[in-house]
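Below you'll find the structure I mean.
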Amino acid sequence: MKIVVCVKQVPDTKGGVKFNPDGTLDRGAMLTIMNPDDKAGLEAALRLKDQYGAEVTVVTMGLPKAEEVLREAMAMGADKGILVTDRVLGGADTWATSQTLAGAIRNLEYDLIITGRQAIDGDTAQVGPQISEHLGIPVISYAQKIQIEGDSVIVERQYDDRYHVLKAKMPCLITALAELNEPRYMTPGGIFDAYNAEITVWGRANLVDVDDSNLGLKGSPTQIAKASDKVRKGAGEKVTLDPTESVDYIVDKLKAKHVI
Amino acid sequence: MNIQDYKGVFVFAQQVDNVLSGIALELVGKGKDLAKDLNTEVTAVLVGSDVKGLADELAEYGADKVIVVDDPELKEYRTEPYAHALSSVIDEFKPEIFLVGATAIGRDLGPRVSARIHTGLTADCTQLDIGDFPINPVPGKEQLHNQLLMTRPAFGGNTIATIACPDFRPQMATVRPGVMQKAPKEAGKKAVVVEFNPGFTPNDKYVEILEVVKAVSDVADIMDAKILVSGGRGVGSPENFKILEDLAEVLGGTVSCSRAVVDAGWKPKDLQVGQTGKTVRPNVYFAIGISGAIQHVAGMEEADVIIAINKDETAPIFEVADYGIVGDLNKIVPALTEKLKAELAAK
Amino acid sequence: MDFMLTKQHEMARTLFKEFAEKEVKPLAQEVDETEVFPRGTVEKMAKAGFLGIPVPKEYGGQGCDPLTYAMCVEELSKVCGTTGVIVSAHTSLCCDPIMTYGTEEQKQKYLVPLAKGEKIGAFGLTEPGAGTDAQGQQTKAVLDGDEWVLNGSKIFITNGKEADVYVIFAVTDVVTDAKGRSKKMISAFIVEKGTPGFTFGTKEKKMGIRGSSTYELIFTDCRIPKENLLGKEGKGFGIAMHTLDGGRIGIASQALGLAEGALERTIEYVKERKQFGRAIGAFQNTQFQLADMATKVQAAQLLVYKAAVAKATQKVYSVEAAMAKLYAAEVAMEVTTKAVQLHGGYGYIREYDVERMMRDAKITEIYEGTSEVQRMVISGSLLK
């Protein structure tokens, strides 16, 4: 079995968000991590590898520095890493990103593609389903359990108040939730092996069946009209009232906010 | 693509088990506002099996038109037939705006549809306006009017971006549930109902549903809760959480807690809000007997409304609360529950 | 000369740090309070490969250099001194001598499961009358047919009772040297837990590293197979000393971690704690103390890393190891003591980590050769 896992290097919001003087995010100043949902997707792939035997190839799109997440993935047990990087790919929205990744994946053989549900920087949850659409394969989002049965995959697909047990014929794309599993740690020896291994670097020329008009900033249907830091809201009102007045006060506020 | 051909505001009227989801009516409400600004109509797209009967409810909440795609293949939500339904509707009716709820269904369906019809999709919007793009005139660039400006938080709520989709139609957005207001109900109001079936032929992209398992877990996910009643060490004892549970029940909310409560073994880790617990964004967050350590605040400051009750007036929670009440939670909380019961009964 | 760590080492540190923060730190206080060996953490470390870092891959290890191993002990000790010493005793004192002196059969039988963390290791040299002084050894081993028969006892044994495999030293012969003095010949043995005649005495109640299991080992006509002799007969003292050179790098790393951990906690604390209307970090006394602490921690780190690199590149690294351990241990004691002082009354309370760190730090000046012994080793090399 061959599994492709898409991962993204994202700023670690836990380490504090840093901004440039002009208000844009200072990505360079922030520590980076493998996006948590993607890491769960990788762990799911590695468990399938442990259980059924599989070759796990990790693909990322980003700046050359994104190579780090590929090393990390390989230190956890992935077999191959592919970095898709090219200046013409910069500024991509989810449409252009999914076109790029689909163009890269068309070079590979795969039975399963696993992506994280969403990245913690964009929170869109779009790229996985969009890749599946471009590749013309079924998608199962929000996977909380994955099993293989013959040439099919059986997945528990989470919804708000239920889950569906779905069966899809492979090849298929699955998007993983961080809750899917507890990702393993890298091993110390795996880290050194990962740095000795070759990482494949692909640029625009390596993308298959993708038109220039679908790539990068120019190929992005959505455009940013305005971006700003969220203004932290300061303290609101503080009152000291007797209990009955306090209750009336709260009820009034709940009414004003259409809660009741 | 001739952008001028695309007219009208469409919303996906999500239903589950043939019951309209709250988001469906919220989107109709918001769609109506946008349609008014554009001098057009709002159309609800109802997809399912045997769902035509829901059209009236959509009409009563403001839908001018309801397109019903009714087919046995659409009984339970599955990505492929639903994506086929929506993209066929878009091809046929050419709306300029298409809104989908940012639910576990919509966040799967939206991207699949937008990829199929090649347009942009803005995720998890919290604000939608009609305006100009670019917002301010830029020399050498045509300023387009009547654009959908889609505003969304990103980066864990640290940034806010407003997105436009000037060159493709429809302008698509998923909208976070609970943010938009539904319109007041107009009993008996009717909409034009159009039935449309593009044909559904199963192929390899149709997944098979082996089983539908409805949640039996009694521990609601605090991340999904619209109202959280959260308690801290100040609640005093595990038994005393009863008064918080009562309040949560009246409001249809869920109880959560601070780390101190989990550490003390009063509540399970699942319910912990904060840096080492969960990050929540409810519409209303009650912080009861919670001092408001920075680690806790990091997990709840995105709540739309924060109401804090604490006897210590210097508690840092008051620095983030919209409404802070200095007082005894043991008196205020039960009284609040009673009052709310009375208020809701009167409605 | 290059003081930059490689990317590999940086990533390994990220791994150790993440593991320590997530798996070890939350239990540190409880482990100290209850004096219970953190078996669950050890199992997690085994799975993550932390129990065989410098062991070659063909023997089930990670095939990393001693520096990576030192960084692991350092990061673990930053949050929990107990966990640091468990790894150090297992790796430096049990895996290492078997790796260096073991036969292929011994490596397959013992080193592989040790390096995989399926088994835990310990080291028994110290006796009531003998620490680093070999001539004081009383435990004896006598060859009887195909078996060695051990009699005697060992005290203060880290990982005692929890470990499955023990490297034990015993007198196998007494010879008379050229000057007519009698000299004990020591040999090393591998003894498995569960061997008849091998039992455990009382568990020590300690000031610090209280979750590490410290026991007396008792051998009463304990018969082990002949092939469990480790290295050559009579060469045990050299094996012990060489093993301790490596062990000292582990303990130096533990001391370094404790100092770093205490410094980190103190920096956080002085930013928050207010006195006379100002954060105590705003007072010059605090600032200068922190400057001294940080400088010494940095110096200790350089010595520890240098010793770790020396272990990889030099045949003999006794002096580097002794200097690293001497300095790091004394810095650990000094920094943790200052950390407690800067915490004021809170520093004396168990709820604050620096209280535990100060107690944990003390042992680093004592075990695997006291600071005095390190000074002997260092001065001995200067005056030879």
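Here are some notes:
By letter and in written order, the chains are A, B and C; residue numbering begins at 1 in each of them.
One rule holds in what follows: contacts are C-beta pairs under 8 Å (C-beta built on N, C-alpha and C of every residue); 3 or more make two chains touch, one makes a residue touch a chain.
These numbers were taken from a predicted model, which means no experiment stands behind them.
Of all chains, the one whose CA centroid is most distant from that of chain C is B. Here the chain at the heart of the shown protein, by mean C-alpha position, is A. Look at where the CA atoms of chain A average out and do the same for chain C: the two points lie 41 Å apart. Distance between chain A and chain B, defined via averaged C-alpha coordinates, is recorded as 21 Å.
Centre-to-centre separation of chain B and chain C, using mean CA positions: 55 Å. Here chain B touches chain A in the complex through residues 16, 76-80, 83, 103-105, 107-108, 110-112, 114-116, 118-124, 133-135, 149, 153-168, 181, 204-215, 224, 227, 251, 275, 283-284, 301, 304-307, 309, 313, 318-328, 331-332, 335-336, 339-340, 343-344, 347, going by the rule given at the top. Residues 68, 71-72, 75, 184-192, 195 of chain A are the ones touching chain C in the complex. If you check the complex, the residues on chain A that touch chain B are 11, 13-14, 17, 25, 93-95, 98, 120-130, 132-134, 136-142, 154, 156, 158-169, 172, 220-230, 232-244, 246-251, 253-254, 257-260. Residues 6-8, 11-12, 15, 18-19, 47-50, 53, 57, 61-64, 68, 72 of chain C are the ones that touch chain A when the two sit in their complex.
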